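Each in structure tokens, the structures are laid out below.
Next, two complexes with chain A in common: one pairs it with chain B, the other with chain C.
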Partner chain A sequence: MHLSTDEIILWQHGFFKLNLTIVTTWGLMLLLAVGAKLVTRNLTHEVQTTRWQSLLEVIVITIRKQIEEVGLRQPEKYLGFIGTLFLFIAIANIFTIFPGYEPPTGSLSTTTALALLVFVAVPFYAIRERGLRGYLKTFAEPTLVMLPFNVISELSHTLALAVRLFGNMMSGSMILAILLIVTPFIFPMVMSLLGLLTGMVQAYIFSVLATVFIAAAAGTSETPIDDKP
Partner chain B sequence: MLIDWFTVIAQAVNFLILVWLLKRFLYQPILKAVDAREKRIAAELASAAEKEADAIREQEAFARKNAEFDRQRKTLLEQAKAEAAAEHHRLTEEARMDVAALRERQYSMLHGEFQNLRTEVSRRTMNEVFAIARQTLGDLADDTLQARMVDVFMRRLHELGASEKQTLSASLQASPDPVLVRSAFELPQAQREQVEAAIRATFGAGASTRFEVESGLISGIELLMQGHKIAWSLDSYLAEMEQGLNALLKTQQPAQKGTEQK
Partner chain C sequence: MDSMTLIAAASIITAGLAIGLGVLGPGMGQGRAVASALTALAQQPDASSTITRTLFVGLAMIESLAIYCFVVSMILIFANPFWNHVIGQAAAH
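Let's look at the complex of A and B:
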């Protein structure tokens, strides 16, 4: 049994390799991009819209609203990054209902990549909002003594995000695999349903935490940072 | 090792590409469509609000016109009522005057009928008196009433004044016409002769006499010559009686008018 889809290597040439994680991610990317293109190519401005357009509008507007509720005043700026985080993780986890599918989010490499992107995105958006000097000043707040703690806090955020997503995804998949061996019938199906739920919850929590970190750094939020699992 | 750094880099790149793809094919078109729809709905709402404002303005204008119309109608109604009252008063007065004129005319007609009735009563009374007198005279004497009348008539001729006799004689002689004696009945020959003798004795020997019967005299005899007339009949008595009766009626009429007016 594989602990991670990274270990299933399909092609390798030196440092470059093509493992199942990357291939599955490409598949999901293709699915999302093509699906979005198919639906949005015939968008209508009328009050009466198609079902798919209504569905996508609901999703996009809900994400935007969530970002706004966290405290970012111009949610359109962050919609691309945070929305994609949510959609990618959610879709990757939902597809676990298909037998034989291994979610790329179950790979610590993927979750690390996403966590690193959040880690980069936080100062990126903060500098864009406050300027470089304004962002750096936040590390010395409330006093200069807090500087190392603030740096550690910033790094731990990223690590926590990565490990949280990986742990949940990997554990879900592993429990399911183990249960399939032990009790191959009804019980794994229930666990699969639970896995769907936890997958969606993880997507939501990961996105919201990323938003909270960005909002805290960008300084447009009064919301206190709550480091939940 | 759980973390494969090539995969980490590849996944980060993949994710950034996915961000770009979704921005291009999902978020921007969807947000544009939503914004366009929101703008359109906002425009429609603004248009609806404008129409509502227009409708409210029109409603207010209509209410004002309605109030003005009600006021005018009230004024016209009051005017019509006043005119109707004036017309009612005028027609009532006219009707009252018509009634008064009608009553006056009816009173005149009644008065005329009363006069006719009174004349009729007089005439019948005279006839009755004549009949009673004749019957009475017939019962009381052997002679006829006519003979008594002729006697009275002749006595009247004798009793004429000298100046009257002279005037009548002069006119009789100036005219060739005979003296006309009219009586209500045919005089017997003896009485005719008595009358002729009396005339000749009164007016002279040359006077000729002609006799006629005139039923309108009722009961009497009269002498006509050259516009002069000597007569005796019950009419004279009856005329006196009529005058007395008229006097009595005149005294009663004012009293009757007084009670009618009340």
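Let's look at the complex of A and C:
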């Protein structure tokens, strides 16, 4: 029994190790990129669209609406980043229906990388919205005494994001492996069904939390309200 | 009792205690959160989408506490650094 897919090394040459996590991640990236490219190759404005275009439109519009509901007024700015996070984690988790597939999100290195992306994206968007001065000022709110706590909370957010996704995905596959020893036939199937649900919920939670952190740092209060009714 | 037995016993007992005690608090917290959300849903069914989203995010936040305990106990059982150190020393002799 292994704790993560990092321990399965497929190819090694000196310092470079190619483990299962990297291979699966690149495979998923290739799949997402090639799939998106194939679908968006010939987009149409007409009423009659292809099935795949309708699917992508539904996904993009839903993500856009969710971002807007959390509190970011111009979701187009954040759609690329948050949508990519959600799609990658969701696809990585949902592929567990294929036997023999190990989700790369069940490895702490992948989830840490994703959480670090959020860690970098929060100040990036906040500085773009408020300027460097405005962003640094948010650390001294409500008073200057809270400065160390705000810094700690920023760091612990990142840690929590990484460990939450890793723990959920790892526990799913771990419980499945233990159940296969104890009750081999029907019950593991039910648990893997539950694992699929957990995977989708975790993908949703990860992207919503990223949105919430960005919204809290970027702040929508100072930007003027759009002329939308 | 030599140090190997001591480390093994301490790791196993601590792993069980960590998950057992660590799940208590988040369990009660999640119960309270779901109960309040149900009350709110019964009072205002129109706001169901907002309540459900906030509930899920809150539950995930609470659940991550239990997940930390789970990760710690898994590390203690399957990837214990002290145990690996002792095994390494025993292999060197």
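Just so it is clear, the second predicted complex is superposed on the first by the 217 of 229 C-alpha atoms of A that agree within 3 Å, B and C clash if a C-alpha of one lies under 4 Å from a C-alpha of the other, contacts with A are read in each partner's own complex, and residues count from 1 in each chain.
Heads up, the rule we're going with is that contacts are C-beta pairs under 8 Å (C-beta built on N, C-alpha and C of every residue); 3 or more make two chains touch, one makes a residue touch a chain.
For clarity, every value in this text was computed on a predicted model and none was experimentally measured.
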Clash or fit (per the criteria above) of chain B with chain C on chain A: fit
Chain B or chain C, by number of chain A residues touched: B
Which of chain B and chain C A:88 touches, first, second, both or neither: first
Partner chain(s) touched by A:69 [first = chain B, second = chain C, both, neither]: second
Angular separation of chain B and chain C about chain A, which is computed from CA centres of the superposed model and rounded to the nearest 10 °: 120
Touching partner for A:163 - first (chain B), second (chain C), both, neither: second
Touching partner for A:110 - first (chain B), second (chain C), both, neither: first
Touched partner set for A:203, first chain B, second chain C, both or neither: neither
Superposed arrangement (fit on chain A Cα atoms) - minimum chain B/chain C Cα distance in Å: 7
Common interface positions of chain A, toward chain B and toward chain C: 3
Residue ranges of chain C touching chain A (in the complex, touch as defined): 49-50, 53, 56-57, 60-61, 63-64, 67-68, 70-71, 74-75, 78-79
Of all residues in chain A, those that touch chain B in their complex: 3-4, 6, 15-17, 19, 21-22, 25-26, 29, 32-33, 36-37, 40, 43-47, 53, 56-57, 60-61, 64, 76, 79-81, 83-84, 87-88, 104, 107-110, 112-114, 116-117
Residues on chain A engaged by chain C in the complex (per definition of touch): 1, 3, 69-70, 160, 163-164, 166-168, 170-171, 174, 201-202, 204-205, 208-209, 212
Residues of chain B that touch chain A when the two form their complex: 2-12, 14-23, 25-27, 29-34, 36-37, 40-41
